[in-house]
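Below you'll find the structures, each written out as structure tokens.
Each of the next two complexes has chain A plus one other chain: chain B in the first, chain C in the second.
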Partner chain A sequence: MIPFDFEYYRPETATEAVTLYTDLAGRGKNARYFGGGTEIISFCRLYQLYPHAVIDIKGIPELNTFEQKNGKLFIGAAKTLSQIQESNLFPLLNYCGGRVADHTIRNKITLGGNLCAMIPYRETSLALLVSEAELVIQNRKGKKILPISEIFHESLRLEDGDLLMGVHIREECLGAPFVCLKKTSDGNVGYPQDRVGYPVVSVAAMRADNKIQAAFSGVCIFPFRSRTVEEVFNKSNLPREEKIRQAVEVIPAAIHDDMISSAGYREFVLKSMMAEILERLE
Partner chain B sequence: MNTVGIGISIPKKESNDKVTGRAKYNTDHIRPELLHAWMVTSIYAHARIKSIDLAKAYKITGVRAIVTGDSCPILCGPAIEDWSPLARGKVRYFGEPIAVVVGDSEAIAKEAAGLVQVEYEPLPVVNSPAQAFQADSPKVHEDLAIYEIVQAGTIFPQPGTNILQHVKVKKGDLQKGWQESEVVVEASYSLPQANHIAMEPRNARAEIKPDGQVIIDSSTQGPFNIQKFISKYFKLDNSKVTVRAPLVGGGFGGKTTVHVEFIAYLASRAVGGRPVKLVESREQDMTSSPCMLGLQASIKLGAAKDGTLKAGEFTLITDVGAYCDSGSEMARGMAADCSGPYRLDNLHCDAYSVYTNHTFVTAFRSFSRLSSTFALERTMDKLAFALGMDPLELRKKNALRPGDTSPTMVRLNKNNFGNLEACLEKLKTLINWDEGVRVELGNGKVRAKGAACLWKTSSSSPNAHSSAIIIINDDGTLNLSVGAVEIGPGSKTCLAQILAEKLRMDVNKIHVIMEVDTSASPHHWKTVASMTNYMVGNAVLEAARDFIRQLKTIGGIVLKCPAEMLEVGSGRVYLREDPEIFVDIKEIGSGYQYPEGNAIGGQIIGRGNFIMPHLLPMDPSTGRGRLGPAWAVGAQAVEVEFNQRDFSYKIVRAATVMDAGKVLNPKGARGVVMGGMSMGLGYGSREAAKYSTGGQRENPQLRTYHLLRLGENPQYLVEFVETPDINGPYGMRGIAEHGIIGIPAALANALSAAAQADLDCPPLTPQAIWQACKGAGK
Partner chain C sequence: MRSMLREGFLELDVNGEHRKVVARPADTLLHVLRERLGLTGAKPSCKNGDCGACTVLVDGWPIKSCLMLAVEAEGHLITTVEGLKNTPIQKSFVDNFAFQCGYCTSGFLMNCHALAQIHPQASYATMREWLQSNLCRCTSYEEITQAMENVLLKT
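And now, the complex of A and B:
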């Protein structure tokens, strides 16, 4: 039960959506793009969010497509995590997205919603970070395409009114060898998913250009891909133990300590996952 | 398929309605004049309420009334009156109801509730049972000395402290016991509070009719209890209060307490008696309404070298949160059963209930035994290890037998106790115990098994009673009316089976009235304590005897013979010597008409009742007494596959062998036991109410409070032993709660064996095991 009234719009084009956003802002109304709505609804229910209006973007055809063209796969931001899994176009993304929440909720959660989420895990970002995806963003001024590394720092740094249209992934990344691991407070999550929960640690690693690329969620308060960690991973002639020791030292922030996991246990899990990545991808 | 009587797997009578979504629960009823309520709850665990400002909230259109504690200066509680339905003066736990808003819609009430401005002055928090015990600890209740004690002789508060209850059980000669002990083990345990998580959150509707009749519709396990307490505290004649309980979407003990019903009543009273509906959100259900108790326990056991138990000392401190409710009773139950089902002739037990600034507690499946059993059964495993003895062997060696006495000196016989050894024997085969407690599988993986025994008697009030009414319909089918609520385990179906067995008739011809209505249904104490089939079943048998007697009387007139020559079965009254000479019960059930046209008799109505005899309160200094009529005993085991590298594990199998006395509905009974096991695995492996340093609840949501999910369930093995209890209907024993009792302990024993570390504080998450192994230097 959402205890307050808000306006609901369902535009049919991206231009309409971004214009609407600006118009609403002009009238002093704080609007939110509405993907799966699971976060918006559950936050509003608990008074954690009070939008004056929501702009449902699921009716925009462009945001609802998969397209393979010019050596790239395009996934629309309104595609649900279940649809992405069923399409089976990018196995690493299946793993990252296919262990978020549970099946019923993945029928709702959208790729855009997960990437732009306030809940900090944003696990689909891991697959996109390691595959150096490009993000298509539209606002009132037009459309832009940016490499994820330029705009995803801890979270997706969208400007007010920016609409995420979708992502491009280079075809050579789609079938690259990968390791994708997730552990919740209850234990390991298999694939297909057999356990539900926020990550203690979630990692996606891929071998591309003979190098290991890895991104992490759960470890710190935000998801990240770290070049320094990768440098350590890709050093030749360094024993694995030593690589892990060094890599843990250069992660970009303190290891998170919360109700889900102590920092000590997170570190333990992180190290064992790093060991598995190295073992399988080196 | 045989559909007559007991021992057969009849689908539950309400199943078709449930699986098609037609079943109606309390919140499914809507009426145009219905108003809606939303609670304002505390964001502090302990704080003085400086002011409550309602001005902004009243500005919302559609708000009809806002009630605060000041408008109902009453204190209530089933054991001691320490609780006000809406907080007054101060709040004592996070989530405590402070006010209730009544509005035209739930959205209006909720919006306005968000605008009620409460100014608090935070107070130091009592955040654990250990802290509650410290002399200089803040006091949760300053007025403990002046609270009214309702159940004198059963509760012993210590004013000036946070100690609400102290129960002592003393048996034998402890000194002598220690002298005879060659091996002694001692350990401490800490178990968190947890939530019931019934699928249907707690809710109630209240209405006061123009003639003053109060009607409460509630999702409850105790409609008669609500009637009793609403009438008591609002000074109404008992018959002025009607309580109705439809199907209940899960209770697990959480719906035994009277809580939201008080608030719904106050809400309705504030709007001139219009019907008001109050439904808790999941978060409120997890923080505002009572939860499961926490426990801090120390146990010391001594045994001779051959494993014979000689002495035991138990200190059990229960965290009952901010108010007593049934917390003091649970400490008694725990103490009375403290030895587990083992012969322990010399023992001391001190069981306490202490107030903390946590959510208050109420019954939770097993009425506290799952917690004390965890501590005891872990200690038994430690003792087995110290003795170099097989854990199951140790249990068998010490298993109680007829002729022994319980900690409170109840003499055991095969009726009131059953056969634990037979359960252990069967369990051994079922879980293939002899292949070894711990088996290395290579690859860093280990398979391990752990076991635990269980026993539990009920803590019923000595005057708890039940009744039943049987009415015949024109078509010869019967209506069975009882006061027990259907909370899921299929009791109503079992009761119909008991009746069908007695009348030797098709159970499909017996209609059980699902809803309970205190103005029409016969009485039943509460649907708790695994006592429904036992108590109500006995009342049904009594009613059936009455019904048969009446059938035979009129049957004798029709068949022209003395009633003693007749039998009842298959819907007929017939001549014992020649069943072909008979009259259909439908011919005589509503009066018999002679071929000439004149008639005799009338509708046949059978009635029966049952009251539990021989219950005796516990002696305050020794604990001597008798809380319940009989125990149900059993043995359980869990098998895990443990990964030594990352401390994760998979629960592979879980087994239970229970002495059910007589299994009334085999599939139903397995389902109930399995449900208990599943809950036990959830509690043992992941469930815990987490509080911040300020006592605020950190995980009041299913996002972060995890239950065992479908797909994580192990293979369940459930078997029964049948040692009849002569006092139970057809020999049955109450087993509805018991599946949960030994499971967390068995899981911990398995994991402790696997990890070779003492795992004494559930929930046993991989992190907890990692921590324990690290502590043990592994």
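And now, the complex of A and C:
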């Protein structure tokens, strides 16, 4: 039960949604775009978030489409992780999204909501980072399309009122060879808990233009793709063990230590996943 | 644009009936089903998306009703365990003794029924993936899995 009230709006167009957001802000009301609502509802129940209004974006047709056009696949931000998985259009994203929470919750979690989530894992971002996706964003001033590398630094750096409309993925990335691995603190203990849970380490790697591209979640307190790690992976004539040793040294922040996993165990899991990436993609 | 600014009437399609109910915009579907409509089959437990006891079907897909606002469900077809009548999965749960205390059962039934409808020939891996969404404190997992498998095999 959410112990306070908020207003609910369900606009039919993106323009209506962003205009409403600004109008509400002008009246001193703090609004939230509402995708699957799984995080908003959970956080409101725990008093960690108290919006005056929620703007449900699932009724906007443009945010609910898959479209293949001009050599790119567009996935609307309101598509659920299950819809993405069932469509099977981009296998790497199926894998990354297909291990978030559990199957029933994935019927509700949206791609946009996972990318914009406050909880740091944002595992769908890994597939988009390695495939160098473009993000389509709308606000009061209009629409812009930005490469993910320009706007995703630890989290998605949207401006107040920005609505994520969807993502474009280049067709050549859709079938590229990839490795996608996740380990939770339960490990693979068998039904019913196998794979369900926040990651100790979650990785997505792809081979594109003859190079390995890799992104990580769980390792640090934010998901990342690191060009420096990739440079080490792509060095020729360096033994695998040495690549792994050097790659771990250049990750962008300290390895996270929390209730889910100690930093030492995370490092151990990270190294074994790096070995698997190199083995399968080199 | 649909808006709901304060407590007021909501129209919901539940188990084939059109119901008009008073709710707040911030009320979850679980709360409205149980406290306003008297449909107590969907069970509250973690209220955090972890356990699946509150699972209902929305347009045939399993959804954890503790993570859905009642107002979001407008215009969609909701099915609770009260709406399941003599389905193969209910019979299979009885035949396989797939419950002990029964608290998780309605959630499991909804999820299993949806799987049988959406992917009647689901692979073992798909079945496992779907079943991970629900927890059973009495650990009837083996029997539940068997009940589900038997229904899938017969379709």
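Convention: the second predicted complex is superposed on the first by the 275 of 282 C-alpha atoms of A that agree within 3 Å, B and C clash if a C-alpha of one lies under 4 Å from a C-alpha of the other, contacts with A are read in each partner's own complex, and residues count from 1 in each chain.
Going forward, a residue touches a chain if its C-beta (ideal position, glycine included) is under 8 Å from a C-beta of that chain, and two chains touch if they have at least 3 such contacts.
Computed from a predicted structure; not experimentally measured.
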item	value
Chain B versus chain C as contact partner of A:Lys211, first or second or both or neither	neither
Which superposed partner A:Met1 touches (first chain B, second chain C, both, neither)	both
First (chain B), second (chain C), both or neither touched by A:Phe268	first
First (chain B), second (chain C), both or neither touched by A:Glu16	second
Which of chain B and chain C A:His153 touches, first, second, both or neither	neither
Superposition-derived comparison: chain B or chain C, residues of chain A touched	C
Partner chain in contact with A:Ile260 - chain B first, chain C second, else both or neither	first
Partner chain in contact with A:Val196 - chain B first, chain C second, else both or neither	both
Which superposed partner A:Ile41 touches (first chain B, second chain C, both, neither)	second
Touched partner set for A:Asp186, first chain B, second chain C, both or neither	first
Shared contact residues on chain A - chain B and chain C	1-2, 4, 45, 102, 194-196
In the complex with chain B, residue positions of chain A that touch it	1-4, 45-47, 102, 183-188, 194-198, 200, 259-262, 264-265, 268-269, 272
Touch list for chain C against partner chain A, complex	1-7, 24-28, 31, 47-49, 52, 55, 61-64, 66-69, 71-72, 111, 128-136, 141, 145
Partner chain C, residues of chain A touching it in the complex	1-2, 4-12, 16, 20, 36-38, 41-42, 44-45, 54, 56, 58-59, 82, 101-105, 107-108, 191-196
Parts of chain B lying in touch with chain A, wherever the complex brings them together	106-107, 110-111, 113-114, 281, 283, 645-646, 648-650, 685-686, 690, 698-699, 703-704, 706, 709, 711-712, 765-767, 770-771
